[in-house]
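Listed after this line are the structures, all set down as structure tokens.
Each of the next two complexes has subunit A plus one other chain: subunit B in the first, subunit C in the second.
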Partner chain A sequence: MMLFAIFLKEWLKVRWVWLGLSVLHLGMLLYLYLVLRHQFRVEHSEMIWYWAFELRRLLYEPIQSLPLISGVLIAAAQFGPEMIGGRFRLSLHLPLRGDLLVWSWVAFGALMGAVLALLDALALYWIVGQWFPHEAAVSAVRTALPWLLGGWIGYFGATLALLEPAASRRLIYLGLSAAFLALLFQHRGYQEYDQVLPMLIAIALLFIPAVILPAHRYRHRS
Partner chain B sequence: MTARLARWSLLLLTIFLLAVWWPLLKDLLFEYRYGKTDLFYSPVIERFVYKELLGEGHQFIYRDQDGTDYDRETFEALIPFIYYKNMELWGRLPLRLAGQTFDKAQIQAERQVLELEPVELPGHAPRIQLFPLLEANPGRARLRFPEDIMRPGDRLTFINSDANRIDPELTRVFTAALTEAGFAWPVQASFGRVSILKAFDAGYFLLDRTGDLFQLRRVDGAPEVTPVPLPDGLAVRHLKVAENKRGDSLGLILSEDDRLFLLAQDEDRRTAAELIPLALPGYDPDTMELKILFNPLYRTAIYSDQREITAVAMDRQFEPIARYSRTMAMAEPRLVDRVWEALVPFSLDLHDPNGRYLRLSLDVHGPLALPAIGVALIIAWLLLWRRGLRLLNIAPSLLLVALTGLYGLIAVALITPETPQGSAGADRRLGRAPVPGQANA
Partner chain C sequence: MNAAIRVEHLAHRYGRRFIYQDLSFAVPEGKVVALLGKNGVGKTTLIRLLMGFLRPSAGQCRVLGEPSHALSPATRARIGLLFEGHLAYDFMSIAQIERFYRPFYRRWRRELYYDLVDRLGLSHDHKIGNMSCGQRSQVVLGLIFAQDPDLMILDDYSMGLDAGYRRLFLDYLRRFLDEGGKTVFVTSHVVQDMEALVDEVIFLQRGGAVKQLPLVEFRRQFRCFGFRVDGNAPPQADGLIENVDLHGRAPCLYTFAEPAQLAAHLETHWPQVRLGDEQPLTLEDAFIGLTGKY
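Up next is the complex of A and B:
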């Protein structure tokens, strides 16, 4: 019941931002659809396939920053209001362990982000599959996986920075998140993260326990 | 407890990111453009000659294998088949070498370069397994891409690119032609050169389930299948197709045991003929770039990793006549490389020089990094001690610094230990005594 109440509160906080992001995602996916359609109308199909398969040109790059933007905005919607007027301190007085409370918040936020990520992945598969064979659609989704992981890093980086009471530490968290994010956009073609991605995902999971630290510092400092 | 877990997660994350960015940062700050040594076999002095960049700017040397230095013009005159346009400009054509005379047209007709790089090998780069099978007899001046693409698998499927749908007729005809030629399905590997900017189209080479190799061309819209005669026991790992005007070879075949063969061409039919073995001692295809230079007198195979370069000069029948190896100037460690390595005990390399896949390759720097670890430990201890923490509490952090050196020190300095009442440093600044034993070091 408590968990339901927490999730309800989080939903009330993020709903408008999340709905806005859903519209943004659908808009960008529609844009991608139109860009590809346009491409196949003005160019010979076999040349576009040559660019895509042999020259490794990524025709779906317009959506690469979308997960990152979404992660940051969901975190801002969740934790921005908490940091205004000491509301976070009130929340920490709920009859629930502080760490479990923070984890339930980020679980909700991550879930909201995951829904958008799933939408992106499915839509990307479908859109690319309209003009390319199945292999290329699978390849597009695999190529986009590090971008989706960028959403996770953006969400947790923003969460750490927002919950953190000290300005200098906030900068450290933002720096760490930026350093991680920069590792996810080093591609020069498709599927270059196929081998390294499991390791990067495993390391990105460290953000889950890490997010307790700023809450702990907030509770014991302010 | 969870605060301690949280801090340690952030410490590990910080150390990981520092270890990945450390080599990237060095490349950004101190990257140099040395490049590899240019090594040739001179038909004039019948010695190996090379050009090498020794340092910043334009510190080139032009030298032969015996250590004799040359000026640039003399050096170019030693390899006149490479610089034949300069020879023409300088009025040195036709060339007279080995009792023969070579004019510009002869040189042009005999020149060729075959290359094989590690990144081209299967498994070294992602590749969507869809390939255009060009019309080999286009009936016009240049080749063009077909409106369909070939999907090798349990059969040879053709997909029309306009409709993005399978073409059942092409699929049936080409699959049947291969089956009739004795192809054992499914296709194990496909090799070809996806380009229309080439002299002609040799089609695709398909490896079948049993390891037999077949050349498939599309001639006047119909399949033409030619079995490639492989020597007994040869398992094909890779085939680099390189159609060229010279017309005596179709490319290079690499075997699973890293032997290299030239795939000869049946000149009249543009199809594969026999395999010519190339004796290249020490050649490692996974780490070495290979070039084979053809000129009217010799064939020279040159192969190098990031350190050693080797050249084997061969006669026109590919019989070795001379060999030379040297450590390249770019392999000489610079002071900045040594200092950079000594500062940290290890680093993680994200980029693979021999492939397109990103990876996290651990590079351990060894005992060279021990002094820096010692300094990092002292600084870390001072830093934590100043925060009023006891040795027992800071021991895990110090152990981390002992294992990770400067990375650990930076991580510990950035993510300092917490106490339940706020940081010990804050207590100290407020003039209160820190609570012993309560730090989450």
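Up next is the complex of A and C:
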């Protein structure tokens, strides 16, 4: 029941932003679909194949930054209202362990982001699969995985920066997150992150225990 | 004496500036105790220490038997906190905020919340963010009542409230306290409100000096006398004389001493002073008399 109450509060905070983002994602995916359809209507399919697989031009770049934008906005919608006027203190006084509380929050935020990421991945697979073989559709999803991981980094980076009471540490969190993001957007072709992605995911998981630190510092400032 | 709050040899500092160096007092269980002091003496810091949002530089604060900076969830459930400015989740409605808090408290008394909030005449889907400060104070107080806490720490409940809402807040609080068994630690800038609410007062002064006594004792013992001076060397606070006010139309001095004891003291130490009549004091007058205007 407590978990339900926590999720209720988080939903009340993020619902409009999340619904707005859902519309944005659907809109961008529709745009991607229309662009691809248009290209196949005005160009020979051999030419498009040449662009995509010989020149290594990404055909679905329009959705590249969507997960990152979504992660940052979900974090802002979740933790902005907690920080305004020090409302975070209300939550920290709840009869619940502080670490469990913060992890429940980020679990909810990450879940909201994951729904959008899943939507992107499934839609990308379906859209690419309309004109290309199955292997190309799978490749599109694997190519987009670093971008989806970028959403995770954006979410946790913004969360750390919003929860942190000390301005200097806030800058450090933002700097580290920006550096990580820069690593994820280096590619110029398909599936270039396949080898390194498991390691990047493992590092990104460290954000989960890390969110406890700023919350702890907020509680015990001296 | 069982103490709901016990502060022992507390020291706290911001950078190199000490707010208190050796502060000690206790809030007995079942009493309503007001913390009074002028701006800047460290009331808010003390409340933050008691709420566990600051860790003491030295000494300790124990709240319901546990260190205030490491309260267990079970103990937090027994403490109702009112944050300065009636802090609440503005994005929730009247019904949503009750539904949110309910699962966290085993002794939740929903009827107390709606009894208070329904008097506002607002629909249950009314957003807290769209309420006036007075309306929000009712919601916040209703939530604290519903929690059925053993200890309430109320930080400047009067902030932003007009006289009507302030009175309403106190009326409901007193009625709730009539059930018995509750301890309240309260701060307010509206000193006169404390008269009908509190059992004891703690005067916190700059540097951490503290004076704690029952309100009736304070009202009975603390006196104000008019005086005039032969020459131009007015008396000064000296231990028996608590304070001298030369800013008003007529000068007056404040003391806990009996009139005869004061007269003898003046004759010995301040012979140039001619003691006048004892002046009637409101609680606010007495507070200013003790703590000074500056």
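We take it that the second predicted complex is superposed on the first by the 221 of 222 C-alpha atoms of A that agree within 3 Å, B and C clash if a C-alpha of one lies under 4 Å from a C-alpha of the other, contacts with A are read in each partner's own complex, and residues count from 1 in each chain.
Criterion: contacts are C-beta pairs under 8 Å (C-beta built on N, C-alpha and C of every residue); 3 or more make two chains touch, one makes a residue touch a chain.
Since the model is a prediction, treat every value here as computed from it, not as a measurement.
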Partner chain in contact with A:Leu66 - subunit B first, subunit C second, else both or neither: neither
Subunit B versus subunit C as contact partner of A:Gly86, first or second or both or neither: second
Which superposed partner A:Gly189 touches (first subunit B, second subunit C, both, neither): first
More subunit A residues in contact - subunit B or subunit C: B
Touched partner set for A:Met1, first subunit B, second subunit C, both or neither: second
Which superposed partner A:Lys9 touches (first subunit B, second subunit C, both, neither): second
Which of subunit B and subunit C A:Val17 touches, first, second, both or neither: neither
Subunit B versus subunit C as contact partner of A:Val128, first or second or both or neither: neither
Which of subunit B and subunit C A:Ile203 touches, first, second, both or neither: first
First (subunit B), second (subunit C), both or neither touched by A:Asp99: first
Intersection of the subunit A residues that touch subunit B with those that touch subunit C: 220-221
Footprint of subunit B on subunit A - complex, ascending: 44-50, 52-54, 99, 130-133, 135-136, 139, 172, 176, 179-180, 183, 186-196, 199, 203, 206-213, 216-217, 220-221
Touch list for subunit A against partner subunit C, complex: 1-2, 4-5, 8-9, 12-13, 81, 85-87, 89-90, 92-97, 219-222
Complex interface listing, subunit B residues touching subunit A: 2-3, 5-10, 12-14, 16-17, 20-21, 125-132, 145-149, 151, 159, 161-162, 164, 194, 350-351, 356-360, 414-415, 418-423, 426
Interface residues, subunit C side, partner subunit A - complex: 51-57, 69, 73-74, 76-77, 79, 81, 83, 85, 87-92, 96, 99-105
